[in-house]
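Dropping the structure in here first, questions after.
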Amino acid sequence: MIEDLILAKYNYWIYVTLMMIGFYAVIAKKNLVKKVIGLNIFSTAIFLFYISIGDVIGGTEPIYIHGEHVVYVNPIPHVLILTGIVVSVSITAVALALIIKIYEEFGTIEEDQILELQS
Amino acid sequence: METIITIKPLLAVLIPLICAVLIIFSSKHPNIRDGWSVAAGVVLFLTVLSMLPDILAGSVIQFTVIEMLPNLPIKFKVDAFGELFGLTSSFLWIFTTFYSIGYMRSLKEHAQTRYFFCFSIAIVGAIGIAFSANLFTLFLFYEVLTVSTYPLVIHNETPEAMSGGRKYLLYLMTAGIFLFFSVAAVYYYTGTTDFAFNGILDGHGIPVVMLKILFITFMIGSAKAAFMPLHSWLPSAMVAPTPVSALLHAVAVVKAGVFTATRVILYVFGVDLMGETGIGLMMAYFVCITIIVASFYAMTHDNLKKRLAYSTVSQLSYIVLGVSMLTPDGITGGMLHIPYHAFMKITLFMCAGAIIVTAKMENISEMKGIGRKMPITMLAFTVGAMGMAGAPPVAGFVSKWFLLLGSVELNQLPILIVLLASALLNVAYFFPVIYTAFFQKPDKELTFGEASPFMLVPLTLTAIGSLILGIWPDAPYLFLELVNVAVQNVTTGGI
Amino acid sequence: MIWSLDIAMLFFLVVAALAAISVKDLLSAVIILSLYSLIMAIVWVELRAVDVAFTEASVGAGITTVLFIFALVRTTGRSED
Amino acid sequence: MKEEDVIIRTVIRLIVPFIQIFGLYVIFHGGSGPGGGFQGGVILAASMILYVMAFGVTGGRRKLTEKTNMIMRSTGVLIFSGIGLLAILFGGKYLDYGAVPLPFIHHAAEVRALLIDGGVEVGIGITVMAVMVTIFLEFYPGGTSDD
Amino acid sequence: MIFDNAPALVVIFPLIAAITVPIIGYYNKRLIPYYVTLVIFCSFIFSISNLRTVMQTGSISYTMGGWEPPFGIEYAIDYLNGFVSIVVIFIIFIVSIYAKKSVEQELPGRTINFYTVFLLLTAGLQGLIVTGDLFNVYVFLEISSIAAYALVSVGKSRDALMASMNYLIIGTVSASFILLGIGYLYMVTGTLNMADLADRLPLAFDERPKVVLAAFAFFLVGFSIKVGLFPLHTWMPDAYSLAPSAVSAMLASTFTKVAAYVMIRVMFTIFKPDFIISTVHAHTILAWLAAIAIIAGSVLAIAQTDFKRMLAYSSVSQIGYIILGVALMNQIAMTGGVIHIMNHGIMKAALFMVAGAIIYKTGIRNINDFKGIGKTMPYTSAAFTLVALSMIGIPPTVGFVSKWYLALGAIEAGMWVFVGVIMLSSLLNIVYFWRVFENMYFYRAEGGKVDEVPLSMLLPILILAALTFLLGVLALYPLKEIMAPMVQIILPG
């Protein structure tokens, strides 16, 4: 029972832990760069979850080998996550560009200090 | 019953609408602009009048503009009751327009284009309400009327005008929201909102509790009729210029309120349903309170316009009282009081306005001896005041007579007592005005004469009109004949 | 899948994530984040998602880190939390 | 120019072509193995980024001007979406590469494979590279682009 | 032939155009606005063609690359998204006309970037609407969100940067939630195609109910943030009020509406009404949240003095209407909710455009400084008056139509409380809009000369204002021809 719950699904436990770590950083950290780091951890954790879904025990890489019948792992989550990574890096880029602009305008990237500077 | 389909009702609504547009475009030329108003008034009145013979012959005129939502068309239907209100408003609108021109020009008011624009839109609302064939159309024009009269009320744009205007808007818009709910509920229960002579709600098996709640929301919805707990917008709207008050009190707004209340009582609920559920009698007693209390309020005010306002509150409830009696005589009295009160009240307001413009007086206690300087104005005022009290030979006597008959027919002694008592109270608060004007000596030399003919002629004419209506009420093509048709419609279910 | 390696990698993943969000020096945080991405890529190889691991290694650990670093160059390297 | 700069520059000058060839390999290999336009594009971009880091923005701009970069950004997308639109033009559905009539090849599957490997992946690769370089230059100190 | 591919073209067209904008801009910058407007107009034509096809031959299923669903990516169009697609692209079309002058003033020298991102946003929104694939929803959601973050950040005030940053963080978290939800559904069903998912979900729910419930919860939270439902609305006021005028008009009138559409799609096409009503009871929670949103949004709007901020809070309240209509779970209310997507889109676009026009001409944002604008900008003010009356719900405007259906739907559901909420909110609407009227028209201001915005800004405002009236009067056609079959599909019974 306990093995089932913890060992067999440790990927899922780790993904939840990582997600919480990322989420914590997004919410609790005042530094904007830290927030973005948190977002990255958050989304990577979800990617880990997706990859774990597609995993088949005893399966092989989803690369077509001519003429052989083998069990592949499900490739669809991989494709999805490729897209996800692109999205994630775009968001990071936009966020960092914003942070640079914010630093130019406010001279700081700490959220609480910016809030004081705002009218 | 014959149904005639012509475009006339739509025309009646469109004429002032077009006039409003023309007013905007000729804002640079005051003479042309005011000419439009007058012309529109006359054409409108003739259009409405042209429908009268058919209505008196027992027909109904109908025109569907467009079906806006499923089974919820914008539709006009002119029946006897609608024609009664339409005729009253369009006729008196001509007088208020003349009077407005005189008033605005003599005071050199600002924003006259806006004023006349809104004035035209207001009559669109009133005529639309009069001719609407269903609750939905009525609601539409009800809101048009509210929105268009707001700029008129706050025309002076002083802080007290603004706060008075806000109160006006808050009350009437809230009323609109309640009316909206009521219309939606009626539609939900019956699938239609078309007025029927025997009531829409009859025969749909709606629980009595629901009916009572619906009636209450409807009555809150017709807060334009200024029933007592919802009346206080009317006195605060007195910050408006006097022609606006005349419009509010006689032509459009409050009459639209009682018109709506009557439509609801007779054409939505129906005589039968009102009687069976006992809502009618409940309502009758309820408005009796307003009649009495408002009269007392009137006595406490020294400001002439405020006093007239409370008098309106009280008089409007006569109309609803008559209708709530649900007896033929009662309904006749109530309906008849719509045009009669309009004639008398417009006279009173125009007199008050004339006094304000020429004598610069607003309080009754200041008006010592002005009867000698403005004899025609004050005579007209006396006629109006007598009518209010129900003294013959002025119009008010006729309607009150029918009301008394109705209360006797209903065998309700308390209502009879209320009617008589209120007549006395009317005398009590109008007599001091006449007394002060004619019999008290002025404190200082009075250096003014009668008001300009623009103002004097209309008020004289309406005073004479009130007299004619009182002396010869059953003249052909006059209001009593219309009311008889209307009463016959609702009491027989339109057969 | 070698599960002991797997467990070890996942353990490092959590450690790296915690370190990345708690280090005060932002440059270190970013480098640790890149390390985190690399470990993640290894985990994915183990899960037979070679394609994704490839991408994560080049994009997550590569481009993202470069972007972060240059963003830090143009702003400030210190964080108050 | 400092001593270490020379080493770095020389090494980078040597290594960049190899990285670029690897990038191209990854791009063209996408249909049948790990990799593809996106990863290859990133690798190409990485080579450019290395170059800029060693030789500065002006040095980098000599190799890849703003105008070229912008045109690459657009044409890359135009290539892969254009091939998709070609399919529409020949009566197929969008992205239905099999519908495009190519000379000498008549198998829909082969047409599809060829177009994906030779067209779509290349388009993606070009776009990704150009976009990545643009973003990088946006962040690089002193390298802000025109706006 | 080209119209056979219209489902894909509504997305592809603006996408490709977005890429070509820099090329055109490189040669002639002045051409860009016209080019963008033309592209969006074409997309609009395709949208119309889509809905026409739906009305003539039933739902469209368009498969990408010839892979049949559920394997390939499918674009599925029925009455609901055909309708939303037209509404959204039409509003964007109008905004694109308006944007020309407004962008010239607010973002000098950045037109190329602005229009590129503008078209990206358009493509993303259209993609969100037409796609029948759940993962595509995520991708398009992120494309349009990134575009939106970028557009918000270029607002004039420096606070816009922080607004955009907050928007980005909240938006990304919500998108991640949606991604998780998609993952959970994929885990139990093995498919991402919406129609296929709907078929397999009942079985999956029997096997692993908790996973399905978790997926639903993630969707609910994720979309609630994107829609801006009350307690999760915090990003909205800042983002809408600080963005450039054209962007405010566009975002407020399209983005949240599209998110609401996707929410309806996920709730009703994938999870089915029965599941929501009998298994998770989500409709009760949603309806109450919506009711709170309606009231709270209006009350907060009253507290604002900044015109655009007031409009943003009004959006919070109007979103509540849409969600309330959806959550009451009957056909009438659903009609009201969905038609409010159109109505509010038109009205909010017009209002934000008016705000932008006033800022363009006078730079005034504070309502109390609006005195005399009724005289100097008569047409803008008149349009504002009409639209605000529609927001209040005066017939025969579009605002009345939605309120009418919502009230009827609430009565039908037997929820009198919500009838009261709708009535109360109308009153609150009056309070906050009337303040603007008063200041515009009624305080005697020094008589200024008529000084209107350029025609290319005025015309869109007037068109939208006219539409609030015309679509109200002619509401029967869309109601009968589009709404009735649509509601029958998504909420049978």
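Some points to look at:
Going in written order, the chains are labelled A, B, C, D and E, and every chain counts its residues from 1.
Keep this in mind: a contact is a pair of C-beta atoms (placed from the backbone, for glycine too) under 8 Å apart; a residue touches a chain by one contact, two chains touch by 3 or more.
Quantities reported herein were computed from a predicted structural model and do not represent experimental measurements.
Counting steps between touching chains, the shortest path from chain C to chain E takes 2. Shared contact partners of chain B and chain E are absent; no chain touches both.
Overall, the chain located most centrally, as judged by its C-alpha mean against the mean of all protein C-alpha atoms, is E. Top contact pair of chains, counted by C-beta pairs, is A-C. If you average the CA atoms of chain D and of chain E, the two centres end up 36 Å from each other. Inter-chain spacing, taken between the CA centroids of chain A and chain C, is 10 Å. Averaged C-alpha coordinates give centres for chain A and chain D that are 25 Å from one another. Between chain A and chain E the centroid-to-centroid distance comes to 28 Å (mean Cα coordinates, whole Å). In chain A, the residues that touch at least two other chains are 61, 63, 77, 82, 86, 93, 96-97, 99-100.
Pairwise chain contacts present here: A-C, A-D, A-E, B-E, C-D, D-E [touch as defined].
Residues of chain A touching chain D in their complex: 61, 63-64, 82, 86, 93, 96-97, 100. For chain C in complex with chain A, the residues that touch the partner chain are 1, 6-7, 10, 13-14, 17-18, 20-21, 26, 29-30, 33, 36-37, 40, 43-44, 47-52, 55-56, 59-60, 63-64, 67-68, 71-72, 74-76, 79-81. Chain A meets chain E in the complex at residues 23, 26, 32, 35, 39, 42-43, 46, 49-50, 53, 76-77, 80, 83-84, 87, 90-91, 94-95, 98-99, 101-102, 105-106, 114-115, 118-119. By the touch rule above, chain D contacts chain A in their complex via residues 32-34, 38, 135, 138-139.
Interface residues of chain D facing chain E in the complex, by the touch rule stated above, are 67, 70-71, 73-74, 77-78, 81-82, 84-85, 87-88, 91-99, 147.
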